[in-house]
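Chains: A, B, C, D, E and F, in written order; residue numbering restarts at 1 for each.
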Amino acid sequence: MPLFDFPLDELRAYRPEPDEPQDFDAFWDRTSEVADRHPLDVRLTPQPGHLGLVDVWDVRFAGWNGDPINAWLIAPAGASRVGCVVTYIGYHGGRGFPHQHLRWPVAGWATLVVDTRGQGASASASSGVTGDPHGSEFGHAPGMLTKGILDPDEYYYRRVFTDAARAVDVAASLDIVDESRIVVSGHSQGGGIAQAVSALRPGVAAALVNEPFLCHFRRSCEIASTGPYPELVAFLGAQRDLEQRVFATLSYFEGMSFASRAQAPALYSVALMDTTCPPSTVFAAYNRWAGPKDIEVWPWNGHSGGEGYHAQRQLEWLSERFGTG
Amino acid sequence: MPLFDFPLDELRAYRPEPDEPQDFDAFWDRTSEVADRHPLDVRLTPQPGHLGLVDVWDVRFAGWNGDPINAWLIAPAGASRVGCVVTYIGYHGGRGFPHQHLRWPVAGWATLVVDTRGQGASASASSGVTGDPHGSEFGHAPGMLTKGILDPDEYYYRRVFTDAARAVDVAASLDIVDESRIVVSGHSQGGGIAQAVSALRPGVAAALVNEPFLCHFRRSCEIASTGPYPELVAFLGAQRDLEQRVFATLSYFEGMSFASRAQAPALYSVALMDTTCPPSTVFAAYNRWAGPKDIEVWPWNGHSGGEGYHAQRQLEWLSERFGTG
Amino acid sequence: MPLFDFPLDELRAYRPEPDEPQDFDAFWDRTSEVADRHPLDVRLTPQPGHLGLVDVWDVRFAGWNGDPINAWLIAPAGASRVGCVVTYIGYHGGRGFPHQHLRWPVAGWATLVVDTRGQGASASASSGVTGDPHGSEFGHAPGMLTKGILDPDEYYYRRVFTDAARAVDVAASLDIVDESRIVVSGHSQGGGIAQAVSALRPGVAAALVNEPFLCHFRRSCEIASTGPYPELVAFLGAQRDLEQRVFATLSYFEGMSFASRAQAPALYSVALMDTTCPPSTVFAAYNRWAGPKDIEVWPWNGHSGGEGYHAQRQLEWLSERFGTG
Amino acid sequence: MPLFDFPLDELRAYRPEPDEPQDFDAFWDRTSEVADRHPLDVRLTPQPGHLGLVDVWDVRFAGWNGDPINAWLIAPAGASRVGCVVTYIGYHGGRGFPHQHLRWPVAGWATLVVDTRGQGASASASSGVTGDPHGSEFGHAPGMLTKGILDPDEYYYRRVFTDAARAVDVAASLDIVDESRIVVSGHSQGGGIAQAVSALRPGVAAALVNEPFLCHFRRSCEIASTGPYPELVAFLGAQRDLEQRVFATLSYFEGMSFASRAQAPALYSVALMDTTCPPSTVFAAYNRWAGPKDIEVWPWNGHSGGEGYHAQRQLEWLSERFGTG
Amino acid sequence: MPLFDFPLDELRAYRPEPDEPQDFDAFWDRTSEVADRHPLDVRLTPQPGHLGLVDVWDVRFAGWNGDPINAWLIAPAGASRVGCVVTYIGYHGGRGFPHQHLRWPVAGWATLVVDTRGQGASASASSGVTGDPHGSEFGHAPGMLTKGILDPDEYYYRRVFTDAARAVDVAASLDIVDESRIVVSGHSQGGGIAQAVSALRPGVAAALVNEPFLCHFRRSCEIASTGPYPELVAFLGAQRDLEQRVFATLSYFEGMSFASRAQAPALYSVALMDTTCPPSTVFAAYNRWAGPKDIEVWPWNGHSGGEGYHAQRQLEWLSERFGTG
Amino acid sequence: MPLFDFPLDELRAYRPEPDEPQDFDAFWDRTSEVADRHPLDVRLTPQPGHLGLVDVWDVRFAGWNGDPINAWLIAPAGASRVGCVVTYIGYHGGRGFPHQHLRWPVAGWATLVVDTRGQGASASASSGVTGDPHGSEFGHAPGMLTKGILDPDEYYYRRVFTDAARAVDVAASLDIVDESRIVVSGHSQGGGIAQAVSALRPGVAAALVNEPFLCHFRRSCEIASTGPYPELVAFLGAQRDLEQRVFATLSYFEGMSFASRAQAPALYSVALMDTTCPPSTVFAAYNRWAGPKDIEVWPWNGHSGGEGYHAQRQLEWLSERFGTG
């Protein structure tokens, strides 16, 4: 797994200009407005079980279009007004089981683990239960990355980012959560979502963004050799006359653009041998992040990045900022 | 690419019992009834172009739920009351370009080349323009094979088979077509569709079924190592408690069950080194085909089967039966 | 990933005879006696950190030859006389970080997570800190499986199984642990170790054995195509005149033999598409397990087996037996 | 499939100097002179069949050394004085079946589909029937690319290019063909042949050159990772003292040199992710093409390039120039 | 690399019936008669060099059709009337360098290392200098296995086996060789050739046959997944109507038929994990060998078999029989 | 296998600065001093056998710590005061059989073929019999490259280089050897060892260094995609906080540093498509070699380099210098 992207010193300085549409903010304002027509409709079902140190609720709320989105809420048993880490999931995965998400609760945080609509049905390690009840007026490549890609209004990630932003609203609405300490978090697709939500909900207290997906789409298509970006290449290689429309749609979902609108402090992670979310595409977003920021560089790892080491780093980083844990 | 399935003599005798639901026919009758609430609404747009020996129309008709389905109609220039080969497409592909479908017209047949909804956006050799405007209430594995798989009513192939059956109705409705000579045809997914349509529209004049997909699902999951069946394995391996529901749904879409209801003469093709649609799963359907039948066995080929040789064989077989070409 | 081993009904009945040496028990008695010359010398160092709901200790104890073995002890904060799940690690891995082992503590159990000597330095997801300060008088294939394989006294797993058995003694010695509720547990190599320890420490209260490694060595060499068994094939294929000595050594470490000596109730897990620890080799051991037993079969998974689903099943199974969690 | 060659703007300007031997033209004049000692000896055998809209002849003519070369002639039924597209085949393929070559006839052109000697016996999609009755005085790597490579006079492609040039003469000799509208055409090896023939028969009316093989041999050896160029690397890596002779021979067959001698208008195609005929090697030839020219760039495709899209583009391009179709 | 063929006890009893043509012997008699029209025309050129303990000659002799065949003759310096091991080379290889063939000379034997015509130009470890100056009237798959395969008279291995048999005549003609101690030897293709020569020159003193190629063609096509047999599958999969002719030709070159005609004592080698020359195809020939015989079974190796271990075994086996070395 | 490293002209000038510790020489002086406490204790056991032209001894001597190291001594029969080529083995291999090392003896040299401790038990072509009786206080990745890597005193290659240097002392002690003509030699790991020994025993008469391993560790980790360097990446990717210690240890074992201390004339070999020991890392060492030197560049080969061609070149190069052979 040799190095294949820019050297680290160039990565730290890499700052390509996103091809940002003039109505980027208008698009997301409009999106928010449409979404808000549906109340959050949060339903919590306590989950009896074997995990005595924590309380677990099955959460269902109304995402984009009022569609039902499933999540787990896990908190220290009897917690009150604790901070909450909202966790988004990597590509193909789902919320899985509560026992797979105990780190934050044991450290004194609540965590809201949010399904990604339409996913969670092929990754054996982490399953989900949330569908995407919207079809598309055009075909798409296997996977979700090109679903609805000919129109920003219909694009799959418009729904996903809206669900995710509303998950922050869900967290803020919960009695046990201190709404001033809501942190967004994720790896890969989850990191890309956390990045977007940081712009859409600028009041979040912090962002934990690991090897984020959905950044610098054009370069990612040109150099990523594993993971989901090749779905875009497959679409473009089949529908050869639609390149312009594809990248026009993607410009509304570009991680660099979201990062430049974020306010919260962020801890990023990047791996130099990551062929799925290549380091230059991660730095392209990180280098534009508008809030306070720090990044851990894992020079000898691929897409899995720092794993346990970075999780430890996150515990420390949050503790320094919020005194929890 | 060694042999991996039963020896040929066992294949010829292989006749496993499908796990057929009692209401199989009722399900499809009901499906047909629901579908028929939408008129066919066929729209033909003549396509000027460079292919002088044929006439080409862009066809759009109402499939399941009235959703728009796209197709090409290509016929000998000025043809009248010719037979029509309705062609269904392999997984991931689409109707492509008219110049890719000239064999039947040059042989004196019209051909109606039908998009498969939601596909055609990742196979570089053959693109489509038809979406599947239906989402699903649950996640699915990348690809279409598990979309809606928890409920026969919502399963993706319910819509596809209905579109395909209605394409036969479209062909029958055309002035230039002799409705007594409508032949259904396809390879892989296209063959699986043709097989289903042969049961749903028993009046078709013949079926050309090459290396059909969507047969003997359980065994296919157990032995197919390439192609789409592993999508089912991915789903089952992630959603470990849904196996029963999955196979219950699939039992309404089983190729063996359709084959046993077909009346028309059929020419099949099977390849003994086919790891995508393994030969035992093809013979499982073929051996149940209720009409007159013949099968070409390609002992040294994989999923592509007989290709040009079998296309030649098809020309001869149809000519013997219909005197065309 | 097609099925490649016996059908499930044959697996359930599969009961090959191990090639067990007459002095199998004598060998392990002697091993125990030699090991016992070194006191356990348990050292617990409390670990401050961010995981408030639990107490964490860095544990060091004397394994085989008095060599230092590292482990984590994690327990519900302030726990007293709780059951303890002793966890052994899969091949190449190590004890990692405490935050990676919270399931049992949150369910009310202590857990002792034990490094495997000499491993933990190549699996990015789980690192260890325990060396194997013993060399070997003969070369070995990359990996640990053939280290010292020409002599049962010098074989690597003699040291590992002894370390692991002593980890049970460590658990039993702890104030916070109820020694009547010590459970051994592991996946793959960890499952193979748990199986051996169940025989070496017949007083353990239960065993959780997932897709165990180190079973039915000869058949494993013949059919496993991934994972560590091919190390044995590499050794045998290089040192072509040592086959007899290799299998003679392995006969003292055979999972079937350990299973037949186990007394505790066991919950096994097996995956039918597991090419690393093939299902027939798992059933070969399971079918000989001498205590009460149950097995979960995951038909559509490879070596990772049931993952979260099985972890959930384990929580329930232990709860039924011990009323904890 | 990431980008691996120069960026597009550099490709458009890339113009390496071929290492052209002084007697390049003399070599080919002499070759032509030797070849001309054998009359063309064209034999047309009408093919009855099922393709009523076209006339088909099995064509046999004398290629290099008078060796029999097989082709299909396919033309609109009853055509007279139509243009003719001479089609050369990609590596390993053959002329296949007439029903596989209907695009040009349906568009009003005759087409002469020419076998490549010695090939057509391993590509399942397209078989040939023409041998290469010449051996070689030295071994060669599997495949044809290094057959006779130690001597330009004996090199395999001397015979192939001569056969191909004579195929143009065959077309010109046919009553049904308008000799002022003979177009040469091909993909990959077929494109390389068309390029060479454009120089050897400068009277051809146009050239359709898709992802041509046989260009910029040295760079191709250095960067192509798939397809036939690695045959050269295998030869050079085995016969380590023959590099100079190999490249000396190849200099008489260099696509850049042929391109710089071509007069006809050309439509090229190049794919930026083509690891078989890397884009820099295609542009190296294209940028030297001496006639009017145009190139379609397919940024997201591999060696298959534009496929149906480019075929459509070719129909339009020819129609603009010749008013046919 | 799991076991994939029959168990060893079945292999030892495996004795399929070859599909032997009635004129098998007549064919080879005729072949011999035609070949004998060309005198051997042996030319020896002493090779000065750095290998003082041996004498080396570059040998050239007339093979089939009088074509020049190259070989090395290497013998103990000043040897006289020593036995001679005639060595045939594995697929793609050539005679290489004299310093690569010192085992037999150092053991007191001369060795004649014979190029295989047309090969030796792609295996980096062993190059050759002998061409096959015969073409073929039909195409063939890359590699030599299908060259001329439509006609036994034109088939490539007719020439190769004849060259090889004449190499025995060359050895017998040499002053330094004791013609009563000529041994034929080879691995893979070389083993297949040695097997054939043992029948064609029944006077050879012994045969050393390692993992022979060219045995039980039909089964080899069905189960070999690596090496050259897949060339046959590629040919058959492309030229779908020629299966009968292909196997008819191969029946004259079947290793089982040659083995049943051999008289000399033989030492075979077979590897149970050999996917290139599967063990059942080796035993199919070995079990028919008509002379005294022994076989070494390497249970944990692939196609390379016993390598140095078997070479050692060969030294001992020959020494027992001939007292040399 | 495309080119992936610097162009040849840059390689010839490539001269990165090693990160050499100040006490590099002191470390090796100390190492030597410690090693010398154990006498060489050379034991020669004559080997009867079948190789009459040479004398063979099984050699055992005391390496690092007095550990037994095995070797073969092979010399022209009855030789006296001949030069001796000390041969070190590539990764995973061992001394194999005497009949595999006849080139130098036949050319008039003795050769001492030295096992590498702990290896020789997984490469089917060359087995060894020498263990590494030292364990490590920390885990290591499969293979030997990271064994003891946290401390230069404990690092595996400290023992290996010491064994290798003492093998030169063994050769010098032999009656049949002319101690003024001791040449060190090896490929890959063997080349890296020869390089180190050239510095540790500056009196050696020449060095033959083929595609040496253990050079320019950091760059090798960054660009090598095959072979053992990825073991380092695996270790660094698992033990993420130990990078500094790892490279600190490696700086005492850096090929560039050894090369700059060598005095003897050297013949190197490098292959431009070598992804195991990339050419820039070979030139990094070669360009620092302090003695007279020459390098053969194999432009079209991978890690196997020049093989027989280079062996021939070595025979000539040694003959020019020493008049032997």
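To be clear about the criterion, contacts are C-beta pairs under 8 Å (C-beta built on N, C-alpha and C of every residue); 3 or more make two chains touch, one makes a residue touch a chain.
Here is each chain with its UniProt name: A, B, C, D, E, F = Acetyl xylan esterase.
All of these numbers come straight from a predicted model, not from anything done at the bench.
Check every other chain and keep only those touching both subunit A (Acetyl xylan esterase) and subunit B (Acetyl xylan esterase); list them.
C, D
Note down the smallest number of touching-chain steps it takes to go from subunit B (Acetyl xylan esterase) to subunit E (Acetyl xylan esterase).
1
Hopping along touching chains only, can you work out the least number of steps from subunit C (Acetyl xylan esterase) to subunit E (Acetyl xylan esterase)?
1
Rotating subunit A (Acetyl xylan esterase) so that its CA atoms sit on those of subunit D (Acetyl xylan esterase): what angle is that, to a multiple of 5 degrees?
It works out to 120 degrees.
Taking shared residue numbers divided by all residue numbers at the interface, is the value for subunit D (Acetyl xylan esterase) and subunit F (Acetyl xylan esterase) over half (same) or under half (different)?
Different, since most residue numbers here occur in only one copy.
Measuring between Cα centroids, which chain is at the maximum distance from subunit C (Acetyl xylan esterase)?
Between subunit C (Acetyl xylan esterase) and every other chain, the largest centroid distance is to D.
What is the distance in Å between the mean C-alpha positions of subunit B (Acetyl xylan esterase) and subunit F (Acetyl xylan esterase)?
Whole-Å distance between the two chain centres: 63.
In whole angstrom, how far does the Cα centroid of subunit D (Acetyl xylan esterase) sit from the Cα centroid of subunit E (Acetyl xylan esterase)?
Taking the average C-alpha coordinate of subunit D (Acetyl xylan esterase) and of subunit E (Acetyl xylan esterase), the gap between them is 39 Å.
How many angstrom lie between the CA centroids of subunit A (Acetyl xylan esterase) and subunit F (Acetyl xylan esterase), rounded to a whole number?
50
Using the touch rule from the top of the page, what residues of subunit A (Acetyl xylan esterase) touch 2 or more other chains?
Residue numbers touching two or more other chains: 124, 127, 237, 240, 301, 309.
Please classify the inter-chain touch graph. Allowed labels: line, ring, star, complete, other.
Contact map by chain: other.
Which of the chains touch, listed as pairs?
A-B, A-C, A-D, A-F, B-C, B-D, B-E, C-E, C-F, D-E, D-F, E-F
Hey, which residues of subunit E (Acetyl xylan esterase) end up touching subunit B (Acetyl xylan esterase) in the complex?
Within the complex, subunit E (Acetyl xylan esterase) contacts subunit B (Acetyl xylan esterase) at residues 221-225, 230, 233, 236-237, 240-241, 243.
Touching residues of subunit A (Acetyl xylan esterase) toward subunit B (Acetyl xylan esterase) in the complex: what are they?
Subunit A (Acetyl xylan esterase) residues touching subunit B (Acetyl xylan esterase): 92, 94, 117-124, 127-144, 146, 231, 234-235, 237-240.
With touch defined as at the start, can you tell me which subunit E (Acetyl xylan esterase) residues reach subunit C (Acetyl xylan esterase) in the complex?
1-3, 273, 298-302, 306, 309
Could you pull out which subunit B (Acetyl xylan esterase) residues touch subunit D (Acetyl xylan esterase) in their complex?
49-54, 76, 96-97, 99-100, 102-103, 105-108, 124-127, 301, 304, 307-309, 311-312, 315-316, 318-319, 324-325
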